[in-house]
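Next up: the structures, one after another.
The same chain A turns up in both complexes below, where it pairs with chain B and then with chain C.
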Partner chain A sequence: MTTTTPASVTRAAPQADGRPLGSTPTGGRPARRRGRSPNERNRPFWMLAPGGILMILVIVVPLILAIVISLLDLDQYTLRSWLQAPFIGLQNFIEALTRSTLLRSIGISVSFAAIAAVVTLPIGVAAAIATQNKFVGRGLVRSIFLIPYVLPAFVVGTVWRTMLQPGGVVDDALASFGIHTGLWLNGPQSFWALILVQIWSSWPFFYLLVLAGLQAVDHEVHEAAAIDGALWWTKLRYVIFPYLRGPIALAVIISFLHNINGFTLPFVLFGVPAPQDVDVLPVLTYITSF
Partner chain B sequence: MKARHALVAVAGIAILGLALQGCSGGSTPTASGSSAAVDGKGKSIDVMVAANTLYPTQQKQWFQDVSDRFEKTTGATVKFETYASANDELTKIQTSVISGQGPDIYNLGTTFTPTANATGAFVTLTDADWDKLGGRDKFLPATLGISGPDKKHEVGIPFASRPFVMAYNTELLKAAGIDKPATTWDELTAQSKKLTSGDTYGMALAYADSFDPWKFIWAMSIQAGNPILDGKKARVDDPTTLKAYETYFNWLTKDKVVDRQAIGWKNAQAVAAFAAGKAAYLPMTTSTSKISLDSSVVAGKYAYALMPTVPPGEKSLPKGGKAASSILSGDNMVIAKYSKNQDLAFALMKQLTSASAQEEYNRLFGDLPTNASAAKKLEDGNEQLVPIIDSSSKSVGTPFSGAWGDTQLALVNVVVQSIPSLSNGSISESEIKSKLASAQSTVQASLDKAK
Partner chain C sequence: MTEVLTRPITPRHPSTPRNDDVTRLLPKPLLVIVIAVLLVIVLAPVLYILFASINSDVSVAQGAFFPTELHFDNYVKIWSTVDLGNGLFNSVVVCGAVAIVCALLAVSSAYVLVRYSFRGRLTVLRALLGLQSIPGTLMLLPVFVLFSTAATTFGIQIIGTRSALFITYLTFALPFSTWVMVTYLRGLPRELEEAARIDGASSWRILTRIVIPLSWPGIVVSAIFAFLLGWNDVLFASVMTNPESRTAAIALQVFGATQEGGAIPLYGEMMAASLICAVPVVVLYLVFQRYLVGGLTAGGVK
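Showing the complex of A and B:
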């Protein structure tokens, strides 16, 4: 498995020189033959079999089946007789790209997921830093911050749908300031409504991970920074943030994937068929499959 | 290394083979035609029905009563399972078909019957089968309209009927000097204009509902002679359908007989507006609205009437049009082909569709009987239900095609995507036309695929 082109070249060269196999070649890298080093010899590879079989069953077989099925002319009604289904090559993919709004939905999903993830990041960081120092009622504030995150997406969607309706509380509140917005749950604004609600419900996720990152900063680091006379921004920028890089990167990735896969929120907020501005990928998939 | 590769490959092929065998396997059901009294001692039959969210406790009691009665006559018990949505049920049907085991009988919504039938999982009813159920004649003829693609290939046994009607506020109509509810769509529009004043509107409609809009469009279209799906041809871009959408949209934009906020309403909100006395008409509702209306401020001040049966722009039914007052709405029961207890299943369906059982079902849940004699008896005893039973017999089935689900969705989608324009106060004919053109191609594609 470790055999690569350069290695075989270097191995061939000494033979031509008449030198014994295995001596250090000119390339500087010791030539190694498979299974030669003592700790590689006689490894009981068969012990990997249970894991390997599981991998094949759980990942490889379904993957192969999925690829095969994607090349057949099938729908939900003929699924049970898929062995008899005609092979149609890439027709399904061509149809998805040309006759459905797949590309548009991917665009909507990706931009929605990215915007929501990027906006929630500073909110979560700010909230975590604000509750880092001890103050009276900190425990309560921290708990309250988690409320949007623990509410089921269905509940969040239903409440926001009621609030955002034409003539609902959001419209009324804005109207009292003289602002008259159009529809929230349909039309171009619906995209921003979706982002708004997603931000509202998902920022505590960043807050949680950043808080965990902050707890990992040693007390001595804070002290040292204070002794060196670092002001809050300098301290935050050069002392604290480097500690948070890991958790934040993780949070951005998880949050992005979570947003892309989110079905419940857009489904409950906008219903099906979805308005075209919020026809995200999971909803399109749902519509197309049923 | 090579040997290992080969081993892995062999193992993979073996597993794949096993998996394939599992998929294609499944035992053949035992079909039997004996008409003697069925003996099911010690057996149990499995029935899958929709969960009744309105009367959950009564439904549990009904399950028990049905099972007890069935045990008395056949010795077998009945086990009920419930599902929450049609999608849940379709998944259950598909997995049952593949594994060759699952519920013996399924309860299907009428418009969902063609979609479920496309799985090919259900017993096609022969004359002998109908005899086992007590004869095809015992059902109201109209309720058989969506049992199958044609008379020779029926799978659905009509079980309950829930036709659509409109409710109207008797006091508001009287105050406006209208002595009887509208019977044509034009008349409904004219009356609604008269009935609109201040914050009281002529009609309560749910433009944002996922189901309501297509029923209006379908009704107006079929009355004008367009069944939307005409054999293998979709007719969504037909002028009659365009006229239907224009009528439906104009109520909001031009005639202004509907609350502007209705563009965001679901069905329940339209019912609530009518129940609060803020609308004179509540079109496209069923007898199930009776419960909420009877406990509202309009209790005793409302009545039901047939929906208009003359298409917009016409004074009488045009040639080729059907006087459909409602989609054929309710429940069918189907028997699974893979069931090993088909005789018991027929015996149970005979029991459930008998006049007495149907009367009891109506008393408990408000759904109308499909049994002709039970329906007749009900009509004689209840003044308020007369228009609903009348609508039941004037219902027309939606096209029996596996593509109907997609069609419904495409019809609603036209309304959903029009809402931003409606919100701005108007929608042009060309905009509706372009939306209809894209709906047409979606529906036609789905129709081409439907087997």
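Showing the complex of A and C:
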């Protein structure tokens, strides 16, 4: 790290750039590699160490371990002595794809995640559009809208499991309208029960993102639409929605991934082993692991 | 992206009634209907928790929404049926420790990442984002194997103790917390730090005397998210705990199973316990709503 340039030049270089001493633009390399400010000579890298070591030990090492294990012949009895296990290459992958219910689970997971994300979207958009203007009690309404999203998933699962049980409050309410449904927590309908609960607990996420997107619409745009006499539907469709395309795409992608990775809700809602129709990927992984 | 979204959600213009008419997006009747329907959808299950928690088990099983008889003793019995008190204690201890340590590690890492430029800095920042998207179910078995290998090689028993949860939650909370702090520190003026450096302060002194006092809001947000990550976790807690060290989330699952053998589950107590597990989280969110919403939308975490 020794620089051959004299100290005076080192000091002068950043100032020549018109920047205060010791400031390099964040997000980029120092403007001149010769001009090292005192900042760069003793960078406190040790401050990165505790977090960095933890993340490498508990995330990166296990990730590599996961790849290694996936190539070994192991079962639950030999797991502890994985260092001595025979190497079998890709056979585990072939076995998983042909002999287990993996493909079915992938299908269930993807369709669950996609349906839940797409159905949730209009609810979130409607909520954001409805609460964008001031009215008495709007703060309270916005706080209430957040509740389903901030409730821990294990509480949401426990409550809905109680509500959806045979003869429970949902069946009772539907029966009073003359609708009689079968089992919610088992059989083919359990797939829709999972989607229903996921929608209930995740729509405020769309609502928050769309609300943030609505803030980006300039007041002038609203005025222009009003002067042109746009009806509310025309205004929404042609003036407002173009602004929301970005936030909506983001929300759909994030919530799709979130749904695919979601473990707690199906685990608590249906227990293990999960009914065949809601054997989503994370739960399958969990059961196969232990 | 996060920077844009961390702005608190408030109307940009101080809206007078006239302005409101211009920005209104829905006709008034429709607006009222939308809000009313959503309120019912949200509040029905929430009120159900409240009502069922003071209801009798039979009445809940029969599908009653309003309690037929009042059983406030559900709130007394939950502490003895299952060791919920121990579960809550474990949750608070583990998640509280995770929150504090995580926030401190996050602020020091973020400080280096924001204020110093070095080779690999962008890689580290990208890795922080990448690490957030690894599914927990993928990590479960390898982390378990790692911990049990540590137990057999070094003779340190980690699995089943609170420290297993502490290490796991801390590590999985770090990428997001560090990211929150990076975006927060970017917004802080660097003049104060430079003044201190000219006066001869060391990096450590600058961090503890200037950066940390200035970035309390960011620290609180990253601590709360770290706390909630642990509080809401079922995946790792269900595998790595024994009855001694299990968290509130796992203790709650026991209520559904305690009455096996034909008898109906203790629904009333289960709902009372659910409410007790949920209240701290909901209160945290509602109190710090302004600061937390930006984080919520940034990563889809809860």
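In this section, the second predicted complex is superposed on the first by the 212 of 290 C-alpha atoms of A that agree within 3 Å, B and C clash if a C-alpha of one lies under 4 Å from a C-alpha of the other, contacts with A are read in each partner's own complex, and residues count from 1 in each chain.
As a convention for this text, a contact is a pair of C-beta atoms (placed from the backbone, for glycine too) under 8 Å apart; a residue touches a chain by one contact, two chains touch by 3 or more.
Just so it is clear, the structure is predicted and the values come from calculations on it, not from any experiment.
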| item | value |
| --- | --- |
| Touched partner set for A:Asn261, first chain B, second chain C, both or neither | second |
| Contacts of A:Gly52 with chain B and chain C, given as first, second, both or neither | both |
| Chain B versus chain C as contact partner of A:Pro152, first or second or both or neither | second |
| Partner chain(s) touched by A:Pro275 [first = chain B, second = chain C, both, neither] | first |
| Contacts of A:Tyr243 with chain B and chain C, given as first, second, both or neither | neither |
| Partner chain(s) touched by A:Asn133 [first = chain B, second = chain C, both, neither] | second |
| Touched partner set for A:Gln165, first chain B, second chain C, both or neither | both |
| Which superposed partner A:Asn186 touches (first chain B, second chain C, both, neither) | first |
| Partner chain(s) touched by A:Leu63 [first = chain B, second = chain C, both, neither] | second |
| Partner, of chain C and chain B, that touches more residues belonging to chain A | C |
| Interface residues of chain A shared between complexes with chain B and chain C | 45, 52, 57, 61, 65, 79-80, 82, 165, 167-168, 271, 290 |
| Residues on chain A engaged by chain C in the complex (per definition of touch) | 20-24, 26-30, 38-40, 42-45, 47-48, 50-52, 54-55, 57-59, 61-63, 65-66, 69, 79-80, 82, 123, 126-127, 129-134, 141, 143-155, 158-163, 165, 167-173, 200, 205, 208-209, 211-212, 215, 219, 222-223, 226, 232, 235-236, 240, 250, 254-255, 257-258, 260-261, 263-264, 267-268, 271, 281-282, 285-286, 289-290 |
| Touching residues (chain side chain C, partner chain A) in the complex | 1, 4-5, 7, 9, 11-13, 15, 19-27, 31, 34-35, 38-39, 41-43, 45-46, 48-49, 52, 60-65, 105-106, 108-109, 111-118, 122, 124, 131, 133-146, 148-149, 152, 167-168, 170-172, 174-175, 178, 186, 190-191, 194, 197-198, 203-204, 207, 228, 231-235, 238-239, 249, 252-253, 255-256, 267, 270-271, 274, 277-278, 281-282, 285-286, 289, 293, 296-297, 299-300, 302 |
| Residues of chain B touching chain A in the complex | 1, 4, 8, 11-12, 15-16, 19-20, 23-24, 87, 90, 94, 97-98, 118-120, 208, 210, 260-261, 263-264, 266, 402, 405, 409, 412-413, 416-417, 419-420, 423-424, 445, 449, 451 |
| Chain B partner contacts - residues on chain A that touch it in the complex | 1, 45, 52-53, 56-57, 60-61, 64-65, 75-80, 82-83, 99, 165-168, 182-183, 185-188, 271-276, 287, 290 |
